[in-house]
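Structure, as structure tokens:
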Amino acid sequence: MIRQAFSDLFERLGSTSRRGIRPATLRESSLRSRIMPTPIPRELILSLQHYPDTSAKDVSSMKPCVEVGEWVAKYQLIAREKGPNATRLHAPTSGTVQAIEEIPPAVNGQRARLAIRLLTDTDERELPLEPPSDYRSLAPEQMIQLIEDAGICGMGGAGFPTATKVRDALEKGVKTLIINGVECEPYISCDEALIRERADLTVQGAELLQAACLADDCVIVIDNAMPAARQALKEKLQGSAIKLQVVRRRYPAGDERQLVKAVCRREVPNDGHPTDIGVLVQNIGTAVAVYEAIVHAKPCISRIVTLTGSALLTPKNFDAPIGTPVQHLLNLCGVNENQHEFTIRGGSMMGQYLMDQAAPIEKTTNCIIASNNAEIPEREAEQACIRCGYCEQACPAQLQPQRLLASIRNEEWQDTVELGLDDCIECGACAVVCPSRIPLVSYFRAGKEIHNEDHSAQRQSRHWQERFQFHQYRIKKNQEKARSAKVAAQSAGEEQGFSRDQARMEISAAVERVRRRREALARETGHGEEKS
Amino acid sequence: MTPLAENLFFQLLVGGSLLGSLLCAIAWGVAGLRKRLQEQRFLVDRINSILPQTQCGRCGHPGCRPYARAIATGEAINRCPPGGDRAIRRLSLLLNEARVPLDPAHGEIESAKVAVIREAECIGCTKCIVACPVDAIIGAAKHMHTVIASECTGCDLCIEPCPVDCIDLVERAPAFRYWSLAALATDPLSGEPCHD
Amino acid sequence: MATLFSTIIAAALVNNLALVQLLGVSTLFSFSRQFSATVELALLSFLVLFPAACINLLLHALILQPLGLEFLQLFLFVSVSAGITALLGQQLVKLFPLLARRHIRAVLLMCSNSAVIGLSFLQSTSLSSLPIKLVYSFGAAAGFAISLLVFAALRQRIDQGSSPAALRGVPLYLISAGIASMALLGFAGLV
Amino acid sequence: MMKQRLASSSPMQFFPLQTSQIMLLVILATLPAMLVATWFFGYGVILNVLFATLVGVLCEATISRIRGRSVRATLADNSCLVTAVLFGMTIPPGTSWWLIVMGMVFAIALVKHAYGGLGQNTFNPAMAGYLFLLLAYPLDMTSWHLPAAAMNFNSASSPLGWQGFLQSLGCLFPFLPLLGDSLTVDGLAMATPLIESKLAAGNAIKAALEEGTGLFARSSETGWELINFAWLLGGLFLLVTRLISWHIPLSMIASTLIMSLLYYSPSAVAVLGTPYLHLFGSATMMGAFFIATDPVSAATGSRAKIAYGIIIGVSLYSIRVWGSYLDAVAIAVLFGNFCAPLLDRLLAPRKYGHPGLFSKLLGDITTGKSSP
């Protein structure tokens, strides 16, 4: 126990230059075997809500374009995006649409969302793919169109649609394309396995992405704890213009903003994106998917998922079709039921407890951990904050979690804004090092929710203010009109004219109302699209 | 040999740098102040932007802006029930006043509301359309009216004029909230408060 | 240079108006709920303290002393500081309505603030030369403003704590002021 | 059990050290200094520490009982032990029991629990308790009652012997009929660990010059260096294990060193002291590594910590050399504690992606508004 404590303390000794923490790596077990193809399960659950995961108002961000009972072929488009922040969905295999219904939330803080249940058949009949005849001569816009058609989203974690991101980069003009192969979570090994076994695809995907966003140079970044992947990449990169950079393993080095800082020595502005300083960051899995999409016109229907944890007999990485139930993958690994107490979706640092084993693998699911209390013990009871400042040393966003905590507890929201609550990336480094075991991230999430409510209330009141001002303006105008009409009527001296005038006014008011109603409706729907 | 600190040259150096930094600090302060003072002008606007803009008139003024004007000249900040605690908190910060509970004479804090017309009963009198301060009710004379839910402020000004009482105020669905501070404040193991 | 420096240190730290002389302590406790407001209040209090002390000093040295009218000094000091606060308050309302709305009460109460009068009294009885007295006034006013800031930050930390209900608020501020006084007392004899 | 777990949030891994264990490690780090001090001054040091611990624990238990909190949970954080150890080591060995009781009760009740307990006090309890005693009972706090053997290192008996132990115990509890008439305690007005150069400077230098440094000669005059080295050793342990960060100790020691170098003059050593004396002839090391770094009352944030260390270092030197109080570390640290919340506010670290202080300053001056 004490020896462990000391070794951890000394581990922290090495992390002086940059913030963050250095948890011990636990990837070995899942890297022992190669990436396994997954036998198609009987049923696939294709969630229609994937981005953003938690706070969206709607139950779905995609519109299904198949009917219940319809037979679909492999690669067939089954759902289209509703707004700009969603991707398309394709059938990972052939089968019959069994239902389109709401499924329960998979993890904490998620809402119920809409999903397509696909009953698979074994023939795997596929639509013919139409790859471009010469993908090297494609214009950037065409490549982006292919990426969009393939429904690719960021495979790293947030799942932002890749086409939107690349298009944005193309418009703004980027200097550097960073391919993110850094995996900083202790358990997740999907990126490492992918590089190790498909380094050539990675490199070609990176080249295609570079061509698509017209970046001056391209850097593949990996961390120093993946020697095999490094070797494989080195071989494939010979003679290529793409550079390889190795950063020190540190959590959360794989975060987009941290990576930009490590590679370009520049920080992303707090209210901007990496593209604002001429950098585009894409995950390594995305690069491979882009390769498939551009060269073979193959939609994104599967991803690499790490299955690990002490409850599994043979931890490994799977090439799993989107929509595979977690239980199916667990069974393939072999679960030691006595050891299995809970399942985590995502890594042990940023992941969440899975509430339902039948929940599907989504495009952003990178890891499933089946574990028990002996391996991942529960957090001890919270003690008083002694302001030791360890959290501050660990925070990659360079915030002061201890002061934020005090402000949140005392509900001093003005101060939390100044202290940068909105800059928190919820990486959890602060909560890991906290000797008082304070669940800092939970506090920050609670605070952020209240911030969001505040912001939306402010937006709403601003909107209402505009409406009210317009209302007043309209009334004033109508009054003026009425007065001028009255004056005209008086000068004419005709009662008839007056009533005609009034009728005309009423008509024009009705026309105005209808016009405004249309406008309002248009605005409403416009809003709806923006939000979803 | 005198100590270094009593050397005249050294003293001038230190004194000069201290003076220089003092001047820099003053320059910064004045610049920062100038920025702050520019915000000073629009006191009523700033108060108004905090008020919820429901235009309900429960504060005793005909709208939000008149109330903001009254606050700027010294009226109490706790007379806005739709704004609730949030508005009082932000006003107290802006005006450096104590945070006081809502004045019950002006109503109680309620959750956000939205007006709904029972369309079967509506006779199309347009009285509610006239009353609505944000033009959230649409419809023509002798025709059924309806409320655009996203524009409705829930001010209840349309309830009074309706001759057939066909307008209801129903609660808006609250914002989805998962993490609660209250739950965090209690220890999951013992159920006792973690900190008081 | 050294005299200048030591005079300012003596005025601002060793003989700090609020925490060592315990003058104008009410300003420490009552008017600064948030830090940003205290920054403004500190500035305003400096704007009252320094000119008032200077004018008082000059009047005392140039008019009262030569004419032998020193029995009038209390009356004079109070009226001068009241005049300055009134002037400041008037300008605030005219130019900076938000600032006025936030601090007008504190500014008006400052006219009878013991810090202003006390500083003038201390100066009128001290034996040093007039320029040194002026520098001392500057140091004392700046020290008062800084102690306002320090104490506001300290108060916020105290308020964030989970102190027993009986001690919450002013009792705890007084305890803190006492301990801080103990620390500042340790600087006695520095200059 | 399972349900709670599902409701909890990421992260799911933790470093194994907890607050209570950190406190124990700090106490572990004070051990070398405690042993060296005992070697020089007899059992009085350890008795002080033990008695202060007893009083502190009783006081903390009573108060948490009154406040309706779990006594066990309050005591389990071990913070009271650290306060007691540091307090016990700063007051002179051989004082009477009531002095320790008053100081500890002041420290725990008024300076710690009045503010809400662990983590919420704005002043360092041990130092506030010490300063309170110093201001209230200056004579008792500057009188050092040592066993006869510790006074005269040529004497045959050792202060660590049975005799010395009884003498020390007799000093602490004067009402105990321990030794009867044979109790020979030397009363001596001299430096406590925190009261240093003013009185000790001349003696220490004279002794060092006349008798050589004589590191292990058991003398209360030359013993200070060794005690300081022991504190330094403990402090380095804390640094290496990263229980404390380097900012406060380094900036405090460096500013003290720079001040003493600036004012160093060979002709005025008796008044101003040497840099070596300022660092190792008194309680600077203890202050820098163990007292100023008390996380609860210190500034957090690296920039604020450095400013905090400089404030303490400069006021430490100023009070020692020009002030009228003998004790410097306690006053300087309390003054630093007083300034810490403001420093935290003014010198908060630059957030990722936000403009730094300098560019903000430039932006303010050039455009009249802060850059985004």
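Letters A, B, C and D mark the chains in the order given here, with residues in each chain numbered from 1 onward.
Throughout what follows, a residue touches a chain if its C-beta (ideal position, glycine included) is under 8 Å from a C-beta of that chain, and two chains touch if they have at least 3 such contacts.
Quantities reported herein were computed from a predicted structural model and do not represent experimental measurements.
A.B. asks: Skim through the chains and flag the pair connected by the most C-beta pairs in contact.
C.D. replies: A-D
A.B. asks: With centres defined by CA atoms only, which chain is the most remote from chain C?
C.D. replies: When every chain centre is compared against chain C, the largest gap points to A.
A.B. asks: Just the number, please: Cα centre separation of chain B and chain D in whole Å.
C.D. replies: 48
A.B. asks: Between chain A and chain D, what is the gap in Å from one C-alpha centre to the other?
C.D. replies: So the centroids are 50 Å from each other.
A.B. asks: Just give me the whole-number Å value for how far the CA centre of chain A lies from that of chain B.
C.D. replies: Chain centres of chain A and chain B, defined by C-alpha means, are spaced 32 Å apart.
A.B. asks: CA centre of chain B versus CA centre of chain C: separation in Å?
C.D. replies: Centres of chain B and chain C (C-alpha means) sit 35 Å apart.
A.B. asks: Indicate the residues of chain D shared as contacts by at least two other chains.
C.D. replies: Where chain D meets two or more other chains at a single residue, that happens at 4, 7-9, 117, 119-120, 344.
A.B. asks: Where in chain A do residues touch at least two different other chains?
C.D. replies: 108, 384, 409, 414, 439, 442, 445
A.B. asks: Which residues does chain B have that touch at least 2 chains other than itself?
C.D. replies: Residues 93, 179, 188-189, 195 of chain B each touch two or more of the other chains.
A.B. asks: For this assembly, give the contact graph shape among line, ring, star, complete and other.
C.D. replies: If you draw each chain as a dot and join those that touch, every dot ends up joined to every other.
A.B. asks: Taking the touch rule as given, give the residues of chain D at its contact with chain C in the complex, in rising order.
C.D. replies: Chain D reaches chain C through residues 67, 110-111, 113-117, 119-123, 128, 131-132, 135, 315, 318-319, 322-325, 327-328, 330-332, 334-335, 337-339, 341-342, 344-345.
A.B. asks: Across the complex, what residues on chain C touch chain A?
C.D. replies: Where chain C meets chain A, its residues are 34, 157, 159-160.
A.B. asks: Going by the contact rule at the top, pick out the chain B residues touching chain A in the complex.
C.D. replies: Its residues touching chain A are 48-49, 51-55, 63-64, 86, 89-90, 93, 132-136, 138, 140-141, 148, 150-151, 153, 175-181, 184-185, 187-190, 194-195.
A.B. asks: Under the touch definition given earlier, write down the residues of chain B that touch chain D in their complex.
C.D. replies: So the residues of chain B touching chain D come out as 1-6, 10, 27-28, 31-32, 34-35, 38, 179, 183, 188-189, 192.
A.B. asks: Which bits of chain C are touching chain D when the two form their complex?
C.D. replies: Listed in rising order, the residues are 35, 149-150, 153-154, 156-158, 160-164, 167, 172, 175-176, 179-180, 182-191.
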